[in-house]
Amino acid sequence: MSVDFLIKKAKEIKIVIDNNAPEIEKLDQEIGDGDHIFNVQRGIKLVIELEPIIKDLPMSEALNQIAMKVLSGIGGSSGALFGTLFMTMGKSSDIDVGVDYKKAINMFAYGVEAVKQRGKADVGEKTMMDVLIPVANCLKQGIENNKDLKDLMREAIETAEKGMLSTKNLLATKGRASYLGDRSKGHIDPGARSSQLMIKTVCESILNN
Amino acid sequence: MKKFINSADDFLKESLQGFGAAHKDIVTCYYNPNFIIRSKYAKKGKVALITGGGSGHEPMHGGFVGYGMLDAACPGFVFSSPSPDQMIAAIEKVDCGSGVLFIVKNYSGDIMNFQMAAEMMTGPSETVLTNDDVAVENSSFTTGRRGVAATIIVEKIVGSLAESGGSLVECKNLGNKVNKNSGSMGVAFSSCIVPAAGKPTFELRSDEMEFGVGIHGEPGRRRDKIKSAKEITNELLNAILEDLKPENKDDILLFVNGMGGTPISELYLIYDNARKMLDNKKIKIARSLVGNYCTSLEMQGASITITKLDQELVNHWDTPVHTAGMRWGM
Amino acid sequence: MKKFINSADDFLKESLQGFGAAHKDIVTCYYNPNFIIRSKYAKKGKVALITGGGSGHEPMHGGFVGYGMLDAACPGFVFSSPSPDQMIAAIEKVDCGSGVLFIVKNYSGDIMNFQMAAEMMTGPSETVLTNDDVAVENSSFTTGRRGVAATIIVEKIVGSLAESGGSLVECKNLGNKVNKNSGSMGVAFSSCIVPAAGKPTFELRSDEMEFGVGIHGEPGRRRDKIKSAKEITNELLNAILEDLKPENKDDILLFVNGMGGTPISELYLIYDNARKMLDNKKIKIARSLVGNYCTSLEMQGASITITKLDQELVNHWDTPVHTAGMRWGM
Amino acid sequence: MSVDFLIKKAKEIKIVIDNNAPEIEKLDQEIGDGDHIFNVQRGIKLVIELEPIIKDLPMSEALNQIAMKVLSGIGGSSGALFGTLFMTMGKSSDIDVGVDYKKAINMFAYGVEAVKQRGKADVGEKTMMDVLIPVANCLKQGIENNKDLKDLMREAIETAEKGMLSTKNLLATKGRASYLGDRSKGHIDPGARSSQLMIKTVCESILNN
């Protein structure tokens, strides 16, 4: 995984998110404050704009710059959460000497763990963690068991989708949606949906490679 | 969308610039990252009070930066938490070595961003988390209650203590005490419109109100038919009193807050209804505040906040304050 | 009609009672006839400043009763002139023998009722008639221009002179000078709803605004499509400047006033747009005021007032004032 | 004319005004601030409620009490104008020894003259003066020329109606409507309409006596 890869994926994600913008907007309007899509779109735009600045940087520094941009440019919950993800990924050891799939997956899992610490939310609380944690677990297990990469990508896509759909009937206990009590049920969590779409985009592009 | 606005993207910046220019004797605004500090530096040795949160609640918080209240405020985008770089930049300007107290409303986004700032900064910091909104059922397993208008009461009272030389821990403890002594609940007659969204956050029929609404237009306890001011006031008061359980002898501060689109004549009417009900319950109003302080853009609605007072709190409430949004004694 | 209200008939009384109770350290309210006076009597020998007008413009005028500003305010029904018995009753409480100055907005009803009060009272009185609204074409054959937000500037500045011992004639002359130096114009995005009527005074389409609107929702210069804040601000400013014709060297007071339903974040945005335009014209803003001061119930909209300042006016503007709606220096 | 007569007429006027309330409300909404009907209704109600207090008082005192009530209870332009009318009528000389039609008409004309002074409006400015002044003139001339009373009442009703209708195409130069400039044209003045209805009611009841 290279900085160039990160930027390419950001561009692909932008298209997917833009295509699904009305749906994501509606989800955060239903159980949040309606800004999640704007936050995510602003964040992706800022990351893509970083290209000329970060394209020749070592991975750790590039990720740190991305993290700072996401953190400061998005604000809100998702700024802190995605910022923490990238900041922590950038702190993984030995990433400036090259990142293979195994290392990339460990970075991601390390990042997700930090996001979990940051938000104090676990699986089942109707947040993006219902996507991130299962996907991180699935990837880690798969790579440790030397699963075929393409099979693993397919599995990750399925896991993300399952996690995202699972939020629908959950009662929110973290984030803004928790203020709704029982009325949070019946709606998919917007952060779970946007995370799932991003994961799907990245995994599919590896699949089609 | 009917707003005095040039573009959704420029709304916050232009509004902040106007605020900074109109009150340049009190505040100085910085941009990219955005933060507001006092135009006159506080005295050396003072604990720095820093707060922040999404914009759209004006005058909260920028309007409470100044002598006797806040040292800095970090405004996020409309209804979006500010980011840690804003806090870090503000800290650099206002921390004078006695520590930083963050006053944070209990929202996931705000908490996480302030937490990251606390981790990134070098000096000592403490945090007071406000969660006065009794509309939300409390539970230790969830995010818990929202922080709303009582945050301003915390800012005034802790601001007074910090001004008079209180230590970081003393300030934190007083802030927690005020928060614990406070309860709030609001009702909305109309939705606000977030500039970036361009349309109402929620829809209410012409005879409906949202009872227990959040300051971002989050749904409340229930949607109901519009009622008389007396019925609304009574229900808001009861919900708050049930939570606070003041004793007969307790003095209180009664704070009637407008959401931004309701004229103060109606806020005074609510105040009148509330004071009569409190009088019947033999609860004494020792201090009062009525006006648009913690708003939700142009939302029509109001909230009531009650803070149980003791002599310490009354004394700090009464000290001089000189901010754009609250001023007395100087 | 979505209002915090129990009945249209009780609206004014309950609102006044709440106002009086919330600010009992500053004002005392009397009922039947309704009037508001300072809770602390002014010093002997002071010219008594009395104003009044229809209710619905809060904090104007009751919110400006207090040290450094008004001695009494007589609120009529919503948007209806007060009646002479209110003025007479107020005069009895606040006239301390040095004469009474009436500050009256130029509306037939207000003028006639204050005139009758002046005829009925025994002591000497003078009247300052404000007519700052440049939206209305001036003409000596008609009622002339309306008195709007600059009335508050007159009240502050003349209030200062009266406090410092100015005579009745001096106060009247200063009031006339401030009025002559002032121009205002407003725009509405929505109508207000008079409680007794129960429905909007006028209808605007979702993309329309009323340009040059009056503070009772009277039609303005024209109905227009909504424009950007810059375009609106520019047109308001130009209309005012055309009328006031300030010279390059003139200092001004820039007052951005909300109509009641517009959040102050938007008022600050207008202020920002206006100050840049004035800067381009080399007109210097010496003093500023931004907020909901002269409102029209829950109307969404704003007005701009400019007052040309000289040293005398600046000095009086800066003196301490202690009212519910405007407070500094004490 | 007796105090009893005044109260009876007030009660009759109440019915007529109530019947025409929606129309009068609309007129003041079009070129004023919409409150004229409420002002007039409040005033009439207050006058009728005065009955027990004034019914045995001399005419001058009764009229003064009515004036004070109208003045303080209505507020606005019409409070001052109608208040001035009654106050001035009550100040006419010799009214406590009995008021015949001639004296009544002189009282009314005297009152109208004071209203004209108060509001500084003459015929042609699109106010109630377009009804009051012509009617006062017609009555005065008629009674001086010893016209038959019933004929005179018919003439007054016609004059009032003509005056009221004339306001439609006038440009308002006094009162709130004057702020409208040219846009005041095309609407009947609300004060002219309410005055005309009151005059019609009184004159008709004399006619049908």
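Annotations
For reference, chains read A, B, C and D in written order, and residue numbers begin at 1 within each chain.
Operating definition for what follows: a contact is a pair of C-beta atoms (placed from the backbone, for glycine too) under 8 Å apart; a residue touches a chain by one contact, two chains touch by 3 or more.
Nothing here was measured: the structure is a model prediction, and the numbers come from that model.
For the pair subunit B and subunit C, there is no chain touching both partners.
Note: centroid distance subunit A to subunit D, computed from Cα atoms, is 77 Å. Inter-chain centre distance (subunit A to subunit B, centres taken as mean C-alpha positions): 32 Å.
The mean-CA centres of subunit A and subunit C are about 55 angstrom from one another, to the nearest whole unit. The multi-chain contact residues of subunit C, meaning those touching 2 or more other chains, do not exist; every residue touches at most one other chain.
Contact of a single residue of subunit A with at least two other chains is seen at no position. The touch graph of these protein chains is an open line. Every pair of chains meeting the contact definition is listed here: A-B, B-C, C-D.
Of all residues in subunit B, those touching subunit C in their complex are 2-6, 11, 14-19, 21-23, 55-56, 58-59, 63, 189-190, 206, 209, 226, 228-230, 232-233, 256, 260-273, 275, 288, 290, 292, 295, 297-298, 300, 302, 327-330. Listing the residues of subunit C that touch subunit D in their complex gives 33, 54, 76-86, 107-109, 112-113, 115-116, 136-137, 139, 141-143, 146, 194, 196-197, 201-202, 214, 216-219. Within the complex formed with subunit B, the residues of subunit A that make contact are 25, 29, 33-35, 38-39, 68, 71-81, 83-84, 118-119, 172-176, 178-181, 183.
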